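Residue numbering begins at 1 within each chain, and the chains themselves are lettered A, B, C and D in the order written.
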Amino acid sequence: MSAAKIRYAMVGGGRGAFIGAVHRIAARMDDRFELVAGALSSNPDNARASAADLHIAPERAYTSYDDMLRAEKARADGIQAVVIVTPNHMHFPVAKACLEAGVAVICDKPVTRTLEEALALAQIVNDTGGFFALTHNYSAYPLVRYARELVAAGKLGKLRVVQVEYPQEWLTEAAAADNKQAAWRTDPARSGAAGCLGDIGTHAFQLAQFIAQQNVSAVSADLASFVEGRAVDDNVHALLRFDGGAKGMLWSSQVAPGCENGLRIRLFGDKAGLEWAQESPNELWFGELNKPRQRITRRGDLGSDMVARGMRVPGGHPEGYLEGFANLYKDIADILLARQQGERHFLQDWVPDITTGVEGMRFIQAVLDSSKQDGVWTTL
Amino acid sequence: MSAAKIRYAMVGGGRGAFIGAVHRIAARMDDRFELVAGALSSNPDNARASAADLHIAPERAYTSYDDMLRAEKARADGIQAVVIVTPNHMHFPVAKACLEAGVAVICDKPVTRTLEEALALAQIVNDTGGFFALTHNYSAYPLVRYARELVAAGKLGKLRVVQVEYPQEWLTEAAAADNKQAAWRTDPARSGAAGCLGDIGTHAFQLAQFIAQQNVSAVSADLASFVEGRAVDDNVHALLRFDGGAKGMLWSSQVAPGCENGLRIRLFGDKAGLEWAQESPNELWFGELNKPRQRITRRGDLGSDMVARGMRVPGGHPEGYLEGFANLYKDIADILLARQQGERHFLQDWVPDITTGVEGMRFIQAVLDSSKQDGVWTTL
Amino acid sequence: MSAAKIRYAMVGGGRGAFIGAVHRIAARMDDRFELVAGALSSNPDNARASAADLHIAPERAYTSYDDMLRAEKARADGIQAVVIVTPNHMHFPVAKACLEAGVAVICDKPVTRTLEEALALAQIVNDTGGFFALTHNYSAYPLVRYARELVAAGKLGKLRVVQVEYPQEWLTEAAAADNKQAAWRTDPARSGAAGCLGDIGTHAFQLAQFIAQQNVSAVSADLASFVEGRAVDDNVHALLRFDGGAKGMLWSSQVAPGCENGLRIRLFGDKAGLEWAQESPNELWFGELNKPRQRITRRGDLGSDMVARGMRVPGGHPEGYLEGFANLYKDIADILLARQQGERHFLQDWVPDITTGVEGMRFIQAVLDSSKQDGVWTTL
Amino acid sequence: MSAAKIRYAMVGGGRGAFIGAVHRIAARMDDRFELVAGALSSNPDNARASAADLHIAPERAYTSYDDMLRAEKARADGIQAVVIVTPNHMHFPVAKACLEAGVAVICDKPVTRTLEEALALAQIVNDTGGFFALTHNYSAYPLVRYARELVAAGKLGKLRVVQVEYPQEWLTEAAAADNKQAAWRTDPARSGAAGCLGDIGTHAFQLAQFIAQQNVSAVSADLASFVEGRAVDDNVHALLRFDGGAKGMLWSSQVAPGCENGLRIRLFGDKAGLEWAQESPNELWFGELNKPRQRITRRGDLGSDMVARGMRVPGGHPEGYLEGFANLYKDIADILLARQQGERHFLQDWVPDITTGVEGMRFIQAVLDSSKQDGVWTTL
């Protein structure tokens, strides 16, 4: 693949940040992107030092995204894409500015702080015709995509039950004052009204819809804030109804000792069931009624183009979180290449977009509303 | 242990039945019971032939429990206990008759067909001072009991979240006409208004309360009957609130392809979490916050008397469903022995009784009510 | 099944013993045997008290097996079978006496203390035409038998590699003086020259031959006694060559911390591989070349009569060590019944016998010889 | 980390190759290396096209490594390191030329085709004082390194038993004529006299020594070539003796259906045991005598600097084969940086070097010799 690399900038992700480094590795993995500029921090010193760390030329280390967009526009070798890895409240203004400047946007989830912002952003995407991808990375694991293909091919029969969960332990206790990651995630002003719900509940929700290929139409929820003084939820219990007739449960928690990143999904139809867990991402359990369960592994000979393109090493050599994340970037590179030639790439059906983002915010809103009204079924 | 064996009779459990044979093996395992009589079937031929299979003397093979109770009373070596393994609708009249005849009752679950019957039976137990045990066998696995001890000892800290589930696949399709087990379980007249809910949902519920040592105070439920024409539920989704402040989820299903008897429970407190699954009953996962999870196995050196008394072979040699079931019988033998001497045995705190039965029926009723009212939180 | 129960006695297995109780539960599980007599201990007090524990009539509580055989012969309701659960050195004389008295023998493994004794016993079995079963219980787990059927049916293709192991931790340190089980097992006078090799190595060996249906023709071995002062081996490393062309490895150890009863076997042919482990006995892994591995579970619908007859509860309800052991007893009951009618039952092909015993002793001898000669390949 | 990237070239690894791409991703993962030149193929068209794929300037796409070394020497921005990913027979000449040209060498395993070559190369490394790393990537998984630290810290006590294995299925059948990977690996002229032994047996061997921190002093081996017509071994059975007193077994196989890349190691001392498997690399099992086994996961809070530096995402987010491989590259970057300043970096103790390579070839030679002499114990 000798196509020119895509020149991108990052907003957020300076020293001390977490998810920025993940995006950079994911972008680098398949050598399709080149980090050439950044507004890595609102703090000028951090912005400059962080840029130096990352081999960004000093003159392209900006302290505001507005400055960056303006300056880059003037360059022949200016940025083609921006990766947004700020706290949630900054997603909207940065994405808006980028889209209006004609720059492609790759944005961490959840898409915005509120549903209103998400709807506004959807309008902007539509009006500008710009590119917007939302990095729900779990849906880019090869076997998650294969699960989706199995459902689409009818291997499960008519879908009836979807059980999805995402327990973590890391917020079991009140966070230490100096824990930056915990701090903004438990601050409604930066994170939105949802805590655990927005941080990982949306991942679980997106994964369920992505594989099931049905939309959640209504929820009945019970949120909890178990840690004293916590301003947002830290445990989400929700019943789900899907528009295709399936029913389900979603549990996400950040107060579950013994759990690291226990994202897990099970789907059952009238013919077969499926199970996948993020901590063992290279295996997918497929169980047909009254037959031995099969442990499907990530292999080139599964007969799936999506699995094959999402692999870098043979079956039995584990690929993990970063490779799944990198699959999104590889796909986005192909999509952007196609867009340059005025074409729509089929991979757009596989990469979460602004619609995914709006659905996620509708889910958050519906769960908050339902929980406030003692679990009344609330439509999305 | 040279104490005389307890002479018991069985009602139900003739040829073609399932759970009767299980009870007999469980009663026989530790050589504390002797099957001496039976009303094994309402069909005289079956009753006689079944009794002969089981080395029951012909004159003690009855065709009605009333006849049996009367006749046995007249014998010096008459029965001391009756095991009830009929379909649910017969539990109440048989138990009532036994209790009034001064015979101990060991009854399969759920306790009765309706909450009203359960309450009436509780009254009878109280009035007669008789013995009544309900065979929620899962709660007698040694590591389930150890889990209960860990919770009681505060090893989990304050309990916050309880996730319990019991998926099976066997009713994924409409049952064949000749499937006796399926037939009565999906017939409200014999099984009660609850299908999957009564058959296995109650096991999950009982297990949760047994380990958590908190009672479920309210439920919000969504029942489904996915198989066309099925008169009872085959999938149960319920949110739980416990009287000690914990929240939880209960899922039971009989339409989950790939699942055999997937009873599984997880409990999380503010210090640690626990996980146990019926299909791997000899291991219990204990995870303290930010520490490696421990795989506790069924061993004599755990420092638990309850574990030690529930073991017949050393750790690493698996014990299973029948041994768990047999633990109930062994305990009941000790309890009955103590009762003969006018004493209350501490094991009564470990063996499910009529109170457990009433709670189970309250749960069933509350779930049915909540689901009918679109999930409104319903107190038990 | 209304056939009369088989009346049996036990030699060994009094208070303080381990394996005797296991045999009694196994014999009792399916209600085909009745314990009526015993020479449970060479100590008269223990013999008497132990008999009382077991509901054996006082007059049938003997202090020597010779007395017992003589006295029982004189009774109309005398014993039909003897179960030998003494330390190894007593196996030969007791078995010899029983066979000569026309009583069926069910003997714990290894068959004798030396190869010479085993050969002599084989001669006696042959000369008397008596019945002799050796309780290699692991080979009676339903899925072990199913594995054997899969190999026989050619599902693995031509067998190439057999890997078997049995690690334990319990003798990692020098045994406490009062540990009766450890004491005789590490005393050559009672256990034979083999330690770990005889105690569990023979189980692994028998399991390998049982499933592979090839005999080990030669071994190259390296024994170790890691614990200072131990008179017998506590770790066995052996390379195997089978007479059908397969090659293999056998590891057994009693100094492997973290291992309880880790008996595990894997077989590979030119089409597929199999894996089974005693600590998860209800699953069998079957992997065809380049296909997903299947998790076969113990189910009535596998299409195997041997699996079906070895089950008491449905798939998903775990059966364990005792049920596997009980399968041997159930089979022996059927075999003895057939013998009473002068017939040979097909189950004799499934129950380890004196030939199995001799092969096991040849294996022990060959391993001891090879190890003494620094690993030279030694034929069995 | 703003240090300049290390400029490297690749020899081998053109279109159609496998391991070259793996090295490139590993080198790229942490942004410490830059691929600037290559002798990617002996075929000029392939060399040119492959270079273009990889963004290598056309003038730096060479067709011979000699030309490359000469030309690059003349450039101010010439290469600092060469990555050798050719078939085995080319390792020696390329490495020799690089070392003599003062260029650091990063070489795939096994180090050479023969022991003689390995010894000669060791001499050259010594004489030139050059840098040579051997990419035994499995030893760079964070939890493998943690296992080594646990052994070093005495957590296992005195080491007694080491069981290591590496089964694969991919050569179960004779390879198709067009399978390039299989072709050279089964051709002694390119691969050396060892087949499976050299390809993956050496990985298992290196892993065992790396964690045990004892050297294998002697082996007794039994090689097989199960596939008809195969010129090299496809199954390795070997008994091991370590110079510190431990004993072990090594099994590697490429004819094991159902196995993908089943590298697995277990070590047992007189206090505790350890288990790690490549297909689940983010967990390490630690079992102290008579205590519950612990599932240690890759986490920053384990208290190990080596684990912390080998992580890119938090525990519970799986890292895999590529990240393990990348750890070697990151370490090499640090080591090369230190060497530029005339310092020896402690990481040299963690990165396999020419000594590791020579030991691996000694192992291969000893196994071949022992097997030819019917398993006689052969010193390394």
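In the analysis below, a residue touches a chain if its C-beta (ideal position, glycine included) is under 8 Å from a C-beta of that chain, and two chains touch if they have at least 3 such contacts.
Everything numeric here is computed off the predicted structure, so don't read it as measured data.
Engineer: Would you kindly say which chain has the C-alpha centre located farthest from the C-alpha centre of subunit B?
Structural biologist: Relative to subunit B, the chain whose C-alpha centre sits farthest away is D.
Engineer: With contacts counted as defined, which of the two, C-D or A-D, has more C-beta pairs across the interface?
Structural biologist: C-D
Engineer: Report same or different for the subunit B and subunit D interface, where same means the shared residue numbers exceed half of all residue numbers found there.
Structural biologist: Interface between subunit B and subunit D is built from largely the same residues.
Engineer: What's the distance between the Cα centroids of subunit A and subunit D, rounded to whole Å?
Structural biologist: Once rounded, the distance between the two centres reads 35 Å.
Engineer: CA centre of subunit B versus CA centre of subunit D: separation in Å?
Structural biologist: For subunit B versus subunit D, the centre distance works out to 55 Å.
Engineer: What whole-number Å value describes the gap between the mean CA coordinates of subunit C and subunit D?
Structural biologist: Whole-Å distance between the two chain centres: 43.
Engineer: Residues of subunit A that touch two or more other chains: which are they?
Structural biologist: 259, 286, 290, 293, 297
Engineer: Given the complex with subunit C, which residues does subunit A contribute to the contact?
Structural biologist: Contacts found on subunit A: 286, 290, 292-297, 301.
Engineer: Once bound in the complex, which stretches of subunit D touch subunit A?
Structural biologist: 1-2, 5, 21-22, 24-25, 28-31, 52-55, 168, 259-262, 278-282, 297, 299, 312-323
Engineer: Would you pull the subunit A residues touching subunit B in the complex into a rising list?
Structural biologist: Subunit A residues touching subunit B: 156, 160-161, 163, 165, 167, 169, 172-173, 220, 222, 224, 226, 235, 237, 239, 241, 247-249, 251, 253, 255-259, 266, 268-275, 285-290, 293, 374-377.
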